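The same subunit A turns up in both complexes below, where it pairs with subunit B and then with subunit C.
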Partner chain A sequence: MKLDIGYVLRWWARTSSFAKATADRGAPRGVLAVLMGLAFAASAQGARIGDMQETVFVEQVWRFFTMKDAVVRTALLGSVFLGISCGLLGSFIVVRKLSLFGDTLSHAVLPGVAIGYLVAGQKDPVAIFIGATVAGVLGTVMVNLIKKTTHIKEDSSLGMVLAGFYGIGIVLMNRIQKLPTGTQSGVDKFLFGQAAALSSVEVWMIGGVALAAVVLVLVFYRQFLIGSFDIGFAKAMGLPAGLFHYLLMMLLAFTVVVSLQAVGAVLVSAMLVIPAASAYLLTERMHRMLILASVFGIFSGVLGAFFSFLGNSLPTGPLMVLAASSVFTLCFLFSPRHGLVSRWRKRRSREARIRNENTLKAIYQVRESHGFAGEGVKLTDLAERMNEPAADTRRRLADLVATGVCDLKEIEGKSFAFLNPDGWLKACAVVRNHRLWELYLTNQAEYEPDHVHDDAEVIEHVLGEETVRRLERLLDYPSEDPHGKLIPSLADVQRSLTQVSPGEKATGYRMPNQ
Partner chain B sequence: MQEVPLETHDLTVAYDKRPVLYGVDVQVPEGKLVGIVGPNGAGKSTLIKAIMGIVPTTGGWVKVFGQSFAKNASRVGYVPQRESVDWDFPVNVMDVVLMGRYGRIGLMGRVSKADKEIAAESLDKVGMLPYAKRQISNLSGGQQQRVFLARALAQESDLYLMDEPFVGVDASTEAAIIELLRELKNRGKTILVVHHDLPTAQTYFDMLMLLNMRLVAFGPTEEVFTQELLQKTYGGRLTILSEVANKVREAK
Partner chain C sequence: MDIWSQLIPEFSFQQVFVEPWTELLDPFIWIFLMGFFVTAACGFIGTFIVWRRMALVGDAISHSVLPGLVIAFLVSQSRDTLPMFLGAVGAGILTTGLIEIIHQKSRIKTDAALGIVFTTLFAFGVVLVSLYGENVDLDTDCVLYGEIEHVTLEPLSSFFGLFEAPGSVMRMGIVSLLVVVLVILFYRPLVVSSFDPGLARSMGMNPAVMHHALMSLLAIVVVSSFEAVGAVLVIAMLIFPGTTASLLSDRLPVILGITLVIALLGAFFGMHFALWLDISTAGAISTVIFGMFLLAWVFAPRRGLLWRAFR
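After this line comes the complex of A and B, so read on.
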């Protein structure tokens, strides 16, 4: 990845302007609600324990943000490193559709943790690291073995190994708890995570993995990219794609293993998948996805550690995942392209356009039925044409007036709609699209004339200018539709508009093909 | 002496111990447009994947310009099947075409300005330059195929292996692709194309490889495109061959 700083800054400026834009639409309220929810969960726990007064709460916040405490510093640093490596590796997991594999790996390491503890006789980070890595590799080998030697499919073998290894892990954990030194062992923290219990050795291990992930992804970005997108092509170019695949899997295993203490085996995979999936909704370039996922990972990690600290050592993992899920929810709602809200807005505006176009078409049809005599169209005639109550037609016309192509005038106590030249052009275009398409279906696709109207009702709103020209050419510039009605051609309409002199205007526009 | 772009000897491939290709011997001369045809499951894709070492071979050897594929990989361009990748992947058209340069850039090098120019030229040749910044999921099938072709052009190779480049493309794209292939051929490149449509195969290609788990025939189109040979290729699997393949599998 070319991390030229200017580029990153420019990109960041664009992203943050997007953030601002979404913030205007009520995102801050969302964030606030999430933060309050988390704070509530934390303080409720505090109240139950009964050692958390209001002053203590403020004090705790102060302690966290000043970072005077060594515990806070270690937890914070660990969460930042964790966010980075989970974001980076998670991005590759998501685009390679390996989420379930990540989940299996994170559960499979648990027996290794327990055995590492039992062998070392204490909570020795190195022994646990080795045990967990071995168990993870063993789990992966098992999955592949089942897949290769039987006809059981991958999802089933992943599920079995996940549950099987996890079960062994839980049994071993229980045995450790029953040992004389068991209650102080801290192995229970490996299930749901406790950032505050991180030792400095563990933080350096997380930091080491994060550093390795950043350096390797920076240096070999292109190799990881092509290996994820099209591994066959990478091999065909003679690149060592297999090697980089194993490198990525190794980094993933290390990330899972060192994250255990902070997030816990149950939810590591969520920290891998959720920040990356959020980033995937926001961007369409891999390098931006990597950066965004890391930022989301750090944000979730730190927020989780913070609320865990406030809540008097609540498990960190669930809180981190809760924070990550909140980020995802915001992306899901407000992503400019894929977000629910923006998609809903787009649909609304499309529906409004179709509604207006239908009104224009009806106005055209009413004028057509009167032989294009007179410029205004009576509201009651229009209501009859659209087969709806006059009140609805009035609302429909008010919408059209708001777009600036139509005037509504009261003449002798009756309402008349007048299209301006722009509006008339649009009305002709919709009618032309409809009739051209009907003609195309009957002539070229050989449909019966009574089969084509409904289809044209939809198509008329989506035909682009280019397609219309092609249709006209294909049908040899037709003048009548299958029902014998006139097809206004664009060239004629434009000519008729420009030929009208100011004095003639009162008599109405000249009609196409006259 | 002129180099032979591609030579295989007794090339044999097995999936899960089940043989899909037996002992293929071919010698492809330079500057030819070669079609690989045969029924479904005949091992057409497998053959070109085996040539490039994407699938492991169980016997025989491959020589590309007189040497092993690994040594001459940079002289081979590849167009995989369009369905072989995830088109929702977060990359744009230019990113994909630049991948064609990765083989030459090496593991640690950077994408240079020259690489970008070559990629842009390749896109231009397939008429996709205006789409360079488009996200790949917003492309039609024909456009996706053109992007893959541009990526292969960016490889600047002497031998091209293409897997079903005409599947799911519109008529204008098909015409544009075949014109491009002929132009490549006229510049002395050798092109092997896996193809599934017999009527067009006769007009598109100089030479045909008729394949059905083994090489049925290989030669100039007018000599090979005969009723008898096509019958031999398409007239059902050789039953003994399939039966033996199954026996081998059961024995493992």
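After this line comes the complex of A and C, so read on.
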């Protein structure tokens, strides 16, 4: 199936770039025409005059960041304001689990945009603002009405308002395009957004909404916060929770409506949800989330506007959304507490610690089986104890050596592991944890002695010092585990580290090199 | 110039309602059939989707199919059904997978995960279309509200020598038939697992298998409807028939029957309105079925607003 390419090209011509809009607004036209011509020629000729394309690229970047063009300034300012209000409102949306409501609202305003255009007879920002707000409110009311008066569930009622209103919007937009003045109407930019087409009035409207959002959130921060997390508590405190809810919804509707020109109806919800969700991954505190979300919003908005400026026919909305999703991906992977990679690394280091502790325990057990005679532990004995090939044990010991608690020495062609005082302390602690827990399970929880080992294998790595002290107290400072083996107590371990006087009874807890 | 008088073109009964069924039958019957097949297939499966509270998952899939389609085209350099289908199904699986991953591996709730994943993929698709649209023969309008009208430009192909129809109409017809047949064949497990997963499990069924089967079927339907109704309006076709019918009846077989009637009426009036107002047929169909929902909401016996008000 073939679509009319001519039509497509004309459509693109209409959804113009920053550069084209600049030309329309009387910026240095000659220079621009040359630049555009060069860019076009370069892209058509490919690598042969690639350096020329590069010049244009640098030129464009320069123009964007020096902000000499009024259009660039307008678009940038608009993106910054947009980022702020989307970040603030989006944070509340995300913590209130209303993300899909934002999506519905952004689609539902479309017929309002069209009717606003029709009433004003032109693309008048104020008329469109009013029309879109009315449509948004109507959509919200309808979602609630459907939910209240039928058995239809919330997700379906959201979907119905989204689809129904959007359908009507598309029909009206189609009709506007067919009007004699329709092709210049610019209403099609409301679908995917074009920051370059922002007028200064629109930027002031976005700015106004951003200001209102900042002021209201600052003034009513507590009320919004309580209303978002504990509606029952808010009511008990005598807060008019409903009022604040509607205030928030009103702000949300305004944000969506003023964002339409820059981001487009289809993707506004993304600018609400994605920066806020990224912030949600980084912090537990609402005020930090609000600030972070605004920063991410600004960053995505500006980056989207920038790339739309570079790539000639690219709509702004999708680029902003992609910038926001890149931020989200980074947060999702590398957030210190909740990031996938951070958590994976944490898990890896925990696993490594448990592995090392098990090695230490095995070394202890081998020494114990020899009556603590001899200082080193033969690698082959350890392998036998761990029930694994000697090569694995060598790797295990190498890991342990890397942590600095153990030395590996070759004596007469055989490998021996020697623990240093730190290592010995740790080994004793793990064994003590294990045996204390076994005893606890047998004595206090009435487990059979042959059922306690597996539990102790797990718990020995997580018992903290404080818990150990309490266990010892509870079990009345025991010296033997259920299997009749010694439990190295704190006193034993500490004494073992000091010089044992000749007359003292040997506990066996003597350092290898003493 | 009065903008309002131009908004609604002159209505000619002859031109709008008679000609499509007489001398212009050849192109218009295909538009009508395509509209009917799309709405019927979506409505039929949508009934179950709505019951399982997955309406917005359908919306998400229909959006995120876009990059799959574009990439499939760029890779295969053809608009053949198979690569398109594979690309779209891949995108669909990616969507549900990513939603699951984000939901399970972080503290983001499902609704936000949904909102993040499908908008991102859709944005990526739109950028691809804007960059390579010339080669893909897709434009953003098609993405936004589909191009049912294009079936009329297709050459007719023969169906085993029995009859002739444009390829996409034939494909959509087969898909809707497949949906209806599968739903009838697996009616019991589908119903039980939709309404009571616990009971389904105790009866020896596997609700997870049912879930994935339904999702795959949904993906097939959404993908085949994409050209006709675009990414956004699919959700109208998915939700409205089922919910409207459920206002009119309590019995599932009756509800499924009513969705077919709604599809028929929606395609019929949608086509004629689109012809009269010179607008997108998909937009017109979704507006018509939205209107039917509003009527049912107000006037439905027992469930309607009026009935409840005067009871």
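The definition used in the following text is that the second predicted complex is superposed on the first by the 442 of 514 C-alpha atoms of A that agree within 3 Å, B and C clash if a C-alpha of one lies under 4 Å from a C-alpha of the other, contacts with A are read in each partner's own complex, and residues count from 1 in each chain.
In this section, contacts are C-beta pairs under 8 Å (C-beta built on N, C-alpha and C of every residue); 3 or more make two chains touch, one makes a residue touch a chain.
Everything numeric here is computed off the predicted structure, so don't read it as measured data.
**Q** Given the touch rule stated above, what does A:Asn420 touch, subunit B (first), subunit C (second), both, or neither?
**A** A:Asn420: touches no partner chain.
**Q** Of the two partner chains, subunit B (first) and subunit C (second), which one does A:Ile170 touch, if any: first, second, both, or neither?
**A** A:Ile170: touches subunit C, not subunit B.
**Q** Please work out whether A:Phe328 is in contact with subunit B alone, subunit C alone, both, or neither, and reply first, second, both or neither.
**A** second
**Q** Kindly classify A:Phe220 by the partners it touches after superposition: subunit B alone (first), subunit C alone (second), both, or neither?
**A** The first partner, subunit B, only.
**Q** Touching A:Tyr280, do we find subunit B (first), subunit C (second), both, or neither?
**A** Touch partners of A:Tyr280: subunit B and subunit C.
**Q** Subunit B or subunit C: which reaches more residues on subunit A?
**A** Result: the larger residue contact count on subunit A belongs to C.
**Q** Return first, second, both or neither, reflecting whether A:Ser200 touches subunit B, subunit C, both chains, or no partner chain.
**A** neither
**Q** For A:Thr380, is the partner it touches subunit B (first), subunit C (second), both, or none of the two (neither)?
**A** Once the two structures are laid over each other on A, A:Thr380 reaches no partner at all.
**Q** Using the superposition on chain A described above, determine whether A:Ser349 touches subunit B (first), subunit C (second), both, or neither.
**A** In the superposition, A:Ser349 touches no partner, neither subunit B nor subunit C.
**Q** Of the two partner chains, subunit B (first) and subunit C (second), which one does A:Gly159 touch, if any: first, second, both, or neither?
**A** second
**Q** Report, in rising order, the residues of subunit A that make contact with subunit B in one complex and with subunit C in the other.
**A** 2, 97, 280
**Q** For subunit B, which residues count as touching subunit A in their complex?
**A** Residues in contact with subunit A: 49, 52-54, 69-70, 73-74, 76, 78, 80, 84-86, 89-92, 95-96, 99, 102-103, 105, 107-108, 110-111, 135, 137, 151, 155, 161.
**Q** Considering the complex alone, what residue numbers of subunit C touch subunit A?
**A** Residue list for subunit C touching subunit A: 1, 3-4, 6-8, 50, 53-56, 58-59, 79, 102, 105-109, 111-112, 114-116, 119-120, 122-124, 126-127, 130-131, 133-134, 137-142, 144-145, 147, 150-151, 153-154, 168, 227, 232-233, 235-236, 238-240, 243, 246-247, 277-280, 282-284, 286-287, 290, 293, 297, 303, 305, 308.
**Q** Per the contact definition, I'd like the list of subunit A residues that touch subunit B in the complex.
**A** Contact set of subunit A toward subunit B: 2, 95, 97, 219-220, 222-223, 225-226, 228-230, 232-240, 280, 283-286, 288-289.
**Q** How about subunit A: which of its residues touch subunit C in the complex?
**A** Going by the criterion above, the answer is residues 1-3, 5, 7-9, 11-12, 15, 94, 97-100, 102-103, 107, 118, 121, 146, 149-153, 155-156, 158-160, 162-164, 166-168, 170-171, 174-176, 178-181, 191-192, 266-267, 269-270, 273-274, 276-277, 280-281, 311, 313-315, 317-319, 321-322, 325, 328, 332, 338, 340.
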